[in-house]
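For reference, the structures are reproduced in the following blocks.
Next come two complexes built around subunit A: one with subunit B, the other with subunit C.
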Partner chain A sequence: MLKLRFHGRGGQGAKVASRITGTAAFLEGCHVQDFPLYGAERRGAPISAFTRISRGTIMERGVIPNPDITIVMDQTLLSDPQAEPLAGLKKNGVVFINTPDSPAQVKDEYNIDAQVVTLDITNIGLDMLGSPIISTLAGAVASRIVGIGEESLKNAVEKELSKIITDQKLIAKNIEAAIYCFRTLELLKIKTIQTTQRQDSVIRMPFEPAKISTPSINTTASSLLKRTGNWRLFKPFWDHDVCTKCMICVTRCPEGCISLNEQGFPVADYEHCKGCMICAEECPKKGIKAVRESGSDSVEVMGT
Partner chain B sequence: MKKEMLTGNTAAAWGVRLAEIDYIPAFPITPQTEIIETLSGWISEGAMDARFVTMDSEHSMVAAAGAASATGVRVFTATSSQGLMYGFEMLYTVAGWRVPLVMINVSRGLSSPITLGPDHNDILAARDSGFLQIHCENCQEVLDSVLMAYRLAEDERVLLPVFVNLDGFYLSFTREPVEIPDMDEVRRFLPSYKPEHAFFNANRPMAQGVAVLGGAYYSYFKYQMHLASQKALDVYKEICRDFEKEFGRKYDAIEEYRLEDAEYVLIMTNSFSTMGKAAVNRARDQGIKAGLLRLRLLRPFPEEDIRNAIREKKSVGVIDQNISVGKGGILYSEVAGCLYNEKQRPFLISFIGGLGGKDISPQEFEFIFGQLIKGAGAEKVESPHLLYTQEEWEEMQKLKEIAGKE
Partner chain C sequence: MSTEPIKSIKDLPLDENLFPGTPACAGCGGLLTLRHCLKMLGDKVVIVNAAGCFTLLSIYPFTPFKSSWLYTAMACAPAGAQGVRDALDILIEKGKLNPGDDLKVLVLTGDGAAYDMGLSSTSGAIYRNLDFYYICYDNEAYGNTGFQQSGATPFASRTKTTPIGKDFPKKDLFEIWNSHKPPYLATISPAYPVDLANKFKKAEQYKGPKLFISLTPCPPGWSTDPSHTFKLAKLAVDTGIWALKESVSGEVKHTFVPGKFKPVEEYLKEQGRFSHLFKPERKEETLGKIQEMVNEYWKQYGVLL
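Presenting the complex of A and B:
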């Protein structure tokens, strides 16, 4: 059995990626299980999805703590303590990371033992599909790593996308982009070994008074501690030559992240700005640019 | 101390008045309305210093009660039947907040068909919510239970909300003499609420009942509620001892009536137990060694007390004034469950009686004792056996004729 875990941000398509991989394997005649796991749905929040592929009956359910293959659809998740995409990865497993960096760079930077595969599928998505929604691309990458045939992947993308979109042209473009990613990656050899059970014992839970055992949080400033700035793909950047200080961006920001500097120009709290770009959309002067963030480099991709 | 003729509802209101409540979110529903009316009257006269707010529904009412309780004030509210159902979603929520509010439920049958008579499907539906449950037999017990309920709910070892249950009509509108304790006696037994537990404060931001994504976290909080509820059994017994010292009336998790040498036992709850006790007396007059066990506390379920009380009896009839459709009596299952691992255990028979306030006649009690005496040697007993008389059946036929049923 092969166990895959997908990590993405809400809206990127981790769930669809896991379903595409699942369907592709199903079309190859395998037994498959796939399911997503998320909390209160928020665009940008870390989510995960799971796929099990087997030639025999699958006698497992639920989350996969020890995946053979981990698909990381957003590099920023690697430093998100809530996401922990590398947790439980097997020593001889495979981890795919969506990044422009080389496998060697990533291996070194994040101290990864497993085999690393990289491809900048966000850029491929932006180039070929015009948006950073990368479900089919991640599905294609995962299918390639699993060793699924190209025809099954193609059919799976079509089948899964037809359930969520009706635009045939967009589906065709997705198939094209998926096949591109599929062919770009080299075929890997994956060794699967039986998961060793974690050594853990069953305890008897002690009584704790309500003071301790009530689901309350007494520590303050929790939203300040949780920096959501790393959810961003694009960063708003103000052109103060164009800005008329109308403050529409300030009022429209759903996160209350925009304030005014001493000169009265808007500035963002980048530690919490999730990069929804509603400010840019709403700016009457089109004076806010979306700057692509990718690792340490910021690349401007959208002009005024 | 003074003694007056009080209905179950006004006895409840007296309990609340003596407990010096701070806040009452209210929504009226028959047969509970009189509790709320009485309290609102006292507040408007200035006899009680509490904030009274009429809400738009029971759902809001329970939410308001829980939120107010979380600020550290003493809160009371009351409902009945369909009203309890409407507030149901919030029961689990506020119990999870571990807030010590006290809520009265005046039991009434659940629609449909609609009725105003009592049975306990309403309150028993809430048995798994985390609220503790005290069930009353008479009007005095209603008043006393309200006072005890606050002590129980507010105890730092417990901190769970408490239901006090009384039967519609059989207690709610039934007057009988009730001792009303003096304020200073009550204050000795039940001092004002001083929470050590974290509570809402405008100057100190906090979150209560937060989201926990993950079964292990969720299990911890839920199981801690269970442990607190179990702990409440000992705490409750302490409270009973204190109550007896102060007021002279003795309560426990269960009540044993002529049980000492009894061989045939009825298990009952609430106001119908009075009729059960009368049936025990009649059976004793005929030389039958009859007894009755009344369950006063249903959550936590006093398993050990029940086992000790009936372990060596010949046979026991559980009379459920409720029906779990497709299964039978709820208490029967619970009692049977707690006896399963006993080597020596009585023969147990399930009876459903008093549904929607249907009377249980002396003949029906005789029938029950007949079945209990036949006991294990008897032919297979219909389970559960619905208590229903020939006369009632004939009445029902007439009604069907009127309704045009062939």
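Presenting the complex of A and C:
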């Protein structure tokens, strides 16, 4: 049996990616299971999805703490303690990471002891589909790593997407982009053994006494400790040369994370900015650009 | 707070009482509304939150609020507010709480709770003239559980439970509440923060129920780009779909009337939940009907002939 775990952000399509992979394997004659797991948080927050694929009956149920293959749809998740995408990965397992960096770079940076595959599927999504919704592409990558045939992938994409979108042209574009990702990756050999490289820590809630487990209504603004800044794919970048200090961006940020610096110019709290880009959309001077987040460097790809 | 009306966004209070790090979706219009409301209400507030998206704002051990927060089931936030108000009053009466340190009691609900499950409890609270604030962030469906239709879902909107579009209109919660003749009742929009702020300033003068309904774009539910949230909230007002008004003891007045109404289509065509009205072919009849419903509303107030 092959066990896959997908890590993405709400809205990127991790659930659909796992469905596509499951359906593609089913079309190859396998037994499959796929299901997502959402936390209490919402669009942009880390979520995971799971796929089991087997030639025989699958008796196992529940989340997958020890995957053979992990698909990381967003590089920023690697350093997110809430997501921990590498937790429990089996020895000799494969981890796919959506990044422009090379496997060697990522292996080094995150100290990964597994086969690493990388491809910048967000960029492919933006180029070929015009949006950073990368469910199909992640499904294609996973199918390739699992060793599924191209025809089954194509049919699975068609089948799954027809359930959620009606635009035939968009479905055709998704198939094209999926095949492109599929063919770009080389075929791998996966032979994992049970030992894991990191502690298995997928959702293990300790039992706390009532004094601790009951929320305190006296705490003030402790949410500041939560770094929602890594939810975003694009970050707003201010050009103070054209800014007239009109305050429009400050007023329109749902998170309230734009403040004024000593000169009265707006500055963002990047630890918390979720990258909704309302500020950029609303600035009358077009003084805020959306800059793509990609690991440590940011590449400007989108004017606003 | 000074009684001078706020004239521009530059006069809005700079203090924040809702902090970042929340679990709400990027671009949530409800969050933007709440941020402005809490700026006006200050930090001496007890928030009584009916189940919905915003009960996720405080997830142990994290809270984005400066003030206290209490979670109730969907149907009973106003009843919870009554309990909190009574407790505060008893403390004041016993001399254990200085009236100057008194807290405002605020009910916070989504449209699911406000329009449907919590309606009888709200009606009871208005009827008893409970001294409290009530804010409903109305994204026109049960957003928290995957966007199923609620009493607030408008005609023709697609939701998980109305896949081909809802075939009857939204409840008029404003009118239902207004028939109770509460001291202060208003509709607000995150796209008109100055109007919103002045309504809170005005409401402050009244004892009793002070109610606010805000139409708030919801990017995942409405299938819109998060960056368009503000634009859509504004289009809802500028097309006349969301009327900005207030009512003092039952008497209704519009606080903003667009100089020239934009066609409703401009608002509808931006949203995935209405995309079936444009693709694969235009549903002229439905589009016409929506425009007609908006025109009828304004005619009733003599704004349109």
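General remarks:
Keep in mind that, in the parts below, the second predicted complex is superposed on the first by the 273 of 304 C-alpha atoms of A that agree within 3 Å, B and C clash if a C-alpha of one lies under 4 Å from a C-alpha of the other, contacts with A are read in each partner's own complex, and residues count from 1 in each chain.
In this text, contacts are C-beta pairs under 8 Å (C-beta built on N, C-alpha and C of every residue); 3 or more make two chains touch, one makes a residue touch a chain.
Predicted model, so just to flag it, every value in this text is computed and none were measured.
Contacts of A:A40 after superposition on the shared chain: both subunit B and subunit C are touched. In the superposed model, A:G264 lies in contact with neither subunit B nor subunit C. Partner contacting the larger number of subunit A residues, of subunit B and subunit C: C.
Of the two partner chains, subunit C is the only one that A:G275 touches; subunit B does not reach it. When the shared chain is aligned, no partner comes close enough to touch A:G149: not subunit B, not subunit C. Contact with neither subunit B nor subunit C is seen for A:P65 once the two complexes are overlaid on the shared chain.
Counting contacts as defined above, subunit A residues 39-40, 213-218, 220, 222 meet subunit B in one complex and subunit C in the other. Residues 10-11, 39-45, 166-167, 213-228, 231-232, 247-248, 251-257, 269, 271-278, 280-282 of subunit A are the ones that touch subunit C when the two sit in their complex. Contact residues of subunit C toward subunit A in the complex are 9-10, 12, 16, 18-29, 31-32, 35, 53, 56-66, 68-70, 190, 193, 219-220, 226-231, 279-280.
Those residues of subunit A lying in contact with subunit B across their complex are 39-40, 205, 207-211, 213-218, 220, 222. Those residues of subunit B whose C-beta lies close enough to touch subunit A in the complex are 96-98, 156-160, 196-198, 204-213, 220-221, 223-225, 227-228, 231.
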